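Each of the next two complexes has subunit A plus one other chain: subunit B in the first, subunit C in the second.
For the complex of A and B:
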């Protein structure tokens, strides 16, 4: 019953915001502040018209993010496992993570452009950079908080590093891992779109390039809003369609979180 | 008690907002003008207007003129749409796109012609036809005048205006210059003063096809004014006169303009003088090639409709 009420409050809030937007847009009729129906029509136009192939751009972005997220998550897993099994690696890696986690990917872009060059690899490196450090933080924290009794029993059974990681550390710290993936995804998605907007990758143009083109070439602000809406929709789908479902099937079911 | 407090708080907030709103209306009696420009010597007429207060001198009445430097034509377009900028100086490419997209502005004055060039660090690239799919061309932004010039050249040499679009990499002029030097890009399409520095490097070769489609003396930068200025006859005339006088000043008083530009560009006087003496660096009130560019942009699908001269330029 309470859940139902929360949902109603959220829906009412969204509707009120929408009505305010619509009233303001219709009353001022500004070029840079289109009304919701104009934005929606533009989105439909972008889906169907060859001149603004927004889905192609979105597809490119999702492809880069999947690649980056996959490699980044794998690296984070490897490094975090090593740092709980070796003390020296652990302290060194902790230092590296503290240094790089604070560095925004976009700040690295000029250096990447000069060293790696202006291509998709730079963007990939950037996405990996935004994923690997925050995820490592969560993974290591999760691994460290594994109850000692589980670790001891794993050792008693004679498990090797891989056995310890997959049999003991990962299941017991699944809540931290999941929040690490969430943080990594959010950082990567934001980093990717900023990078695309600033440098505009030559080979595979993503949704950030679309926003930049809508701004500089087409001077089409409804298309800018349409692209922003699409970015939000992707975020919501990932949050509620993927992460929430995984959460329900795992840590909620196991009673690790409420 | 708590509820009472909350009501009072909301009421106070409403009053505060209303007061601020009233104040903005009350202050609107002096004419306020915000002029936006970008970096480089091409914006010298705007610098002269600011230093010599030319708009204020030509306008008979209470006026407050502010100047703002932004980093792209797109940012200036956004300011003009949003109403925070009344006069914006930009490349002729974004200006034509803006008119076609329905931004309520037109060209009020020509500013200058400048030098442009497409430089390569690969001796095997002597023509646009030699550029292969993976060869990156750095230029400042999509939709910029440099992008349009590349497309115009591509149309003439390769028969397709968009043949090189997937080779373009967006970089600021300075970054593009560094990337050309380090070899991460093969080509760089840039304008003065960067092009002068690159031409001095013997390791580069210039693809001269570009200057054939956009000859020396053709308009590079223009000043756009919103329709609000055109509606106020006295203000419109003051702005026109200010641009005319600024351009005349640049062409007549070399020492004066060098002194002004040294401050704005942070360069040595000899360097500024060298730039001003380049044959392609021409300050004039006369527009050249603008309609050709607008026609090309429609033909090459940069804009979705044809733009006439009357839509582009205010009648003086």
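For the complex of A and C:
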């Protein structure tokens, strides 16, 4: 019941915001502040028209991010496993993580541009950078707090290192792994779009490039808004359509979160 | 009867806060197959430490032989059942918890796994709970699953460290009766640690008392009539013997290892 009421409050809020937006946009008629129907029509136009192939741009971004997330997660897994099994590696890696985790990916861009060049590899490095450190933090945290009793149950079965990592440590740390992936994804998604905007047209242009083109080349502000809407929609789908579903199918079902 | 476990001159010390504390000093113990050995002893005397050495979780001095092989690491021929309810993996269903160790030891056939897990869950009266997750079970049910999981592996010896200690009295009695039945049916070899004299006398075919300083000071074959009730002949004497012993008053001539 309460949930239902909360939902209504949220919906009403969104509608009120929409109406205010609409009234303001219609009354002022500014180029940089299009009304909602204009944005919506532009979005439909972008979906269907060859001249603004927004889905192609979006697809490129999603592809880069999936690649980066995959590689980043794999690296985080390897480094985190090493740092819980070797003390020296652990303290060194901890240091590395604390340093790099504080560094916004965009701040690395000038260096990447000069060393690697303004290409897809730089973007990939940037996405990996946004993913690897927060994920490592969470993985190591999860591994360290794996209850002794699971570890001993696993050892009792004679599991080897890989068996312990995949059979015990990972499932037992699933909650913190998942929150690590969430943080990693959010940073990567934002980092990616900023990088794309700064780079301009890289080899495979992403949604950030689209926004930039809409602003500077096509001078099409409704398209800028359309792209922003799309970025938000993707975020919402990932958050509720993917992460929430994974959570429901795992840690919630297992009773590992309240 | 043949020997299941032999502990020779087991010594174990812990170092904590820079102080070395000797817990076990040259402990000797031999356990035959099909013995259900209950170990009583005051808190902190080293019962769990001994069990953990046998399980292979701790480094130790001396030698432990299990089925003739020297113990130097954990293995599925010595399965531990802990006191903590939360020893099951919360990410696996009841049935998967029982099957997982079997898979690890090489049983791959799904039907066979299902048959074994059903069989052992039935033995602990949990038929119908196969698909539950541990968080959906009560403490007593979780301990039953842990026992089923250990039994299914058919280990040479089962090591139980106060598995019923955190249960209420009624559930505890019920689980004792179940475990007694299973242990006679399956001819289990068990080391069972407990603080509860009644529990030791009910379950054990042999009952030991470990003293404050980690020696086995009483070692009795349990000849009480089964099923053991407080009303059976000799119960009172046995109870007194161990009750006194737990307070430090044990017959001094019994020191050292029992020689049959």
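Observations, loosely collected:
The definition used in the following text is that the second predicted complex is superposed on the first by the 257 of 258 C-alpha atoms of A that agree within 3 Å, B and C clash if a C-alpha of one lies under 4 Å from a C-alpha of the other, contacts with A are read in each partner's own complex, and residues count from 1 in each chain.
Everything below uses one rule, namely that a contact is a pair of C-beta atoms (placed from the backbone, for glycine too) under 8 Å apart; a residue touches a chain by one contact, two chains touch by 3 or more.
From a predicted model like this one, the values you see are computed outputs, not experimental measurements.
Judged by the touch definition given at the top, the superposed model places A:216 against subunit B, while subunit C stays out of reach. When the shared chain is aligned, no partner comes close enough to touch A:44: not subunit B, not subunit C. In the overlay built on the shared chain, the residue A:66 is in contact with neither subunit B nor subunit C. By the touch criterion defined above, A:31 lies against subunit B but remains apart from subunit C after alignment on the C-alpha atoms of chain A. By the document's definition of touching, of the two partners only subunit B reaches A:117; subunit C does not.
More subunit A residues lie in contact with B than with the other chain of the pair subunit B and subunit C. By the document's definition of touching, of the two partners only subunit B reaches A:199; subunit C does not. Taken together, the subunit A residues at the contact with subunit C in this complex read 147, 149-150, 152-153, 155-159, 163, 167-168, 171-172, 174, 250, 253-256.
Across the complex, subunit C meets subunit A through its residues 55-57, 73-76, 78-80, 82, 84, 86-87, 89-91, 100-101, 104-105, 133-136. Interface residues of subunit B, counted against subunit A in their complex, comprise 72-74, 77-78, 81-82, 94, 97-98, 100-103, 136, 138, 141-144, 147, 166-171, 175, 178-179, 182, 184-185, 301-302, 304.
The touching residues of subunit A, when paired with subunit B in their complex, are 30-32, 51, 110, 113-119, 198-203, 212-213, 215-221.
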